[in-house]
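First the structure, in the form of structure tokens, and then the observations on it.
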Amino acid sequence: MKPNTLEERYQIGLENLAKIDGQAGHDVIESLKSIAPDMAQYVIGFPFGEIYNRGGLDLRSREIATISALCALGTIPQLKVHIRASLNVGLSKEEIIEIFMQMAIYCGFPKALNAIFAAKEVFEGT
Amino acid sequence: MKPNTLEERYQIGLENLAKIDGQAGHDVIESLKSIAPDMAQYVIGFPFGEIYNRGGLDLRSREIATISALCALGTIPQLKVHIRASLNVGLSKEEIIEIFMQMAIYCGFPKALNAIFAAKEVFEGT
Amino acid sequence: MKPNTLEERYQIGLENLAKIDGQAGHDVIESLKSIAPDMAQYVIGFPFGEIYNRGGLDLRSREIATISALCALGTIPQLKVHIRASLNVGLSKEEIIEIFMQMAIYCGFPKALNAIFAAKEVFEGT
Amino acid sequence: MKPNTLEERYQIGLENLAKIDGQAGHDVIESLKSIAPDMAQYVIGFPFGEIYNRGGLDLRSREIATISALCALGTIPQLKVHIRASLNVGLSKEEIIEIFMQMAIYCGFPKALNAIFAAKEVFEGT
Amino acid sequence: MKPNTLEERYQIGLENLAKIDGQAGHDVIESLKSIAPDMAQYVIGFPFGEIYNRGGLDLRSREIATISALCALGTIPQLKVHIRASLNVGLSKEEIIEIFMQMAIYCGFPKALNAIFAAKEVFEGT
Amino acid sequence: MKPNTLEERYQIGLENLAKIDGQAGHDVIESLKSIAPDMAQYVIGFPFGEIYNRGGLDLRSREIATISALCALGTIPQLKVHIRASLNVGLSKEEIIEIFMQMAIYCGFPKALNAIFAAKEVFEGT
């Protein structure tokens, strides 16, 4: 369902986020509550209520795109959230590692290695 | 087939590159011939003879990862090569645009827009 | 006025964009029409219908933040749009140049110089 | 006063740095003393003795530019120093958060969120 | 000796890595063993078995290039490995600091300072 | 000679810049004259009057560091200036290409290729 109001967008965003990583959705709202409560509305509303909610690309493909971009950007906390999300939407651990090995070509070995070590921490539950 | 020698790696790399974008393979060898001929060996050998040659991840997924990382890095010439490659391995134009719209979340709107304009040029054959 | 529906957001976004750079608003819709029409909705809706529409920070401060970030990112087309927008919301040419000279400290001289040359093109109307 | 000698530049730099964040000025000199004492001369001399010392742009505007660029670059230790400096030159906590929410548009949500979490630590005095 | 097979490349890579930082070579193999054992083959094989193994540029020059690029990229763990390697191939501590002070010009002061603090930790053996 | 006044710094900067790339020094002053004349003072004064003027690291090593960082940053106009400067301080064309081939390891192949193509243009005098 495509949202009509911004309130619907938030509810749809929460539902979509729950499908890929429910705990992360809860955590981001909690962590922003005291400092930037409106930011939680945007983080849940725009990415998950609008973009991830679109048809035209499966969630597996969306998560491949996301972890690749986050590897390039080097933002490890968000990369770890989306490594977990990648597992939740059906990517195997082996596929995630393949993606990061491929990233050595485009982003260089240091960024690829840091992504692999982030994956190691997620897979080990730390 | 996994290469054993570096010469085999180059041949396998040429074959793999031909599958995703034969013209680009030819172009990179030509453009490097006068300035850095060994670099052509590495560009074809390591990415396409070793990494893309691995099992464990389909070419469609590999190209999604590549165009997402290149959008984040902002290296437009290589992004255009891999937008063409993405079409060749079965991504639709609509899926490619979906990926770049999603990149607005992670890389910001400017990088996402520049990727969309690169896609426009590729789709229009310019 | 805070938007309630996504349609209102788009209309408010168009109005806000008209205040800072009306031509750019028109151009982005035109350039995306044939390739990614939904992206025009997001580009106008989220940044200008939601973020720039918030109270709590004047437009002058918002444009200082934007051109500084775009200088760091090195995305010249969007930087030029927002140099024009900075002039429109009341920054002087001298202030814009001051900002980019300061950027030499944080982003290095190459990015600062490229931003100054972008400003030169905007100021000369090219 | 515009410095004439490099020694004057250093003294003026110390004074300017004291106005925006005196503790940070002291800390950077201490931390560089054993490893790169000349670097302390440059860090205080060029940015604060020359650039911040120029007329033509108020300190509030200068700090908005700085924290926006540092958000884009993702260098958290320096970002925290300048979040403190932003408070010292008169930006409110709410305005700083507004700036980082706006950064989601240009730098993407991950960099914006990391800046907000850095602000949270500064505001809480940790 | 130029490798002919990929197995030779790995052995040559191990030898070259031992010359510049033997402990790091051992560590990377260990850290990747459980998560991405093939990546260790690439990390040792391509950079150290092929590129560093080429004639035409001395190891001192290669390490200057590497620590400068890693300073620009901001990937601290790999920067620390190559600061150690720089010492091992004959760069003095003073030369390494000179390089990072120069990086303030091109990458900005924050990245330069973070590299200097990384060097401080390496020099102090932490 | 170490400068004492900012005026001396500028004169020393001009002399140092003339040693590595006299035409570039003239060009940067000309190009900034109408838009940011003070910036020319900083560009010549701080990098070339202070940093490059320091002892402790030879010009060859300084240029290796510079072109490596500029390859990582992807700022092509400045990279081309410093490829010319590298030739002027004694690096051979082959060494410059070696450096950029090595950059494929750390910055990824796209940035390395773009640097090699920039070198091609400089070497061919275009």
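Order of writing sets the chain letters: A, B, C, D, E and F. Residues in each chain are counted from 1.
Keep in mind that, in the parts below, a contact is a pair of C-beta atoms (placed from the backbone, for glycine too) under 8 Å apart; a residue touches a chain by one contact, two chains touch by 3 or more.
Since the model is a prediction, treat every value here as computed from it, not as a measurement.
Asks: Relative to chain A, which chain has the most distant C-alpha mean position?
Replies: The most remote chain is F.
Asks: Looking only at C-beta pairs that count as contacts, which pair of chains has more of them, A-E or C-E?
Replies: A-E
Asks: I'd like to verify one number: the distance from the centre of chain D to the centre of chain F, where each centre is the average of its C-alpha atoms, in whole angstrom.
Replies: Once rounded, the distance between the two centres reads 27 Å.
Asks: Report, in whole Å, the distance between the mean C-alpha point of chain B and the mean C-alpha point of chain C.
Replies: Each chain's C-alpha centroid was found; their separation is 31 Å.
Asks: Can you compute the centre-to-centre distance for chain B and chain D, using the mean CA position of each chain? Integer Å is fine.
Replies: 40
Asks: Rounded to a whole Å, what is the gap between the Cα centroids of chain A and chain B?
Replies: 23
Asks: Hunt down the residues of chain F that sit against at least two other chains at once, touch-wise.
Replies: Residue numbers touching two or more other chains: 38, 42, 46-47, 51, 54, 70, 73-74, 78, 101, 104-111.
Asks: In their complex, what parts of chain B are in touch with chain F?
Replies: Its residues touching chain F are 28, 31-32, 34-36, 38-39, 42-43, 47, 70, 73-75, 77-78.
Asks: Using the touch definition up top, name the residues of chain D that touch chain C in the complex.
Replies: 46-47, 51-52, 54, 56-57, 61-62, 64-73, 78, 94-95, 98-99, 101-107
Asks: In their shared complex, at which residues does chain B touch chain D?
Replies: Going through chain B, the ones touching chain D are 104-111.
Asks: In their complex, what parts of chain A are in touch with chain C?
Replies: Against chain C, chain A makes touches at 3-7, 9, 38, 42, 46, 50-51, 54.
Asks: Any idea which chain A residues touch chain E in the complex?
Replies: 74, 97, 100-101, 104, 108-114, 116-117, 119-120, 123
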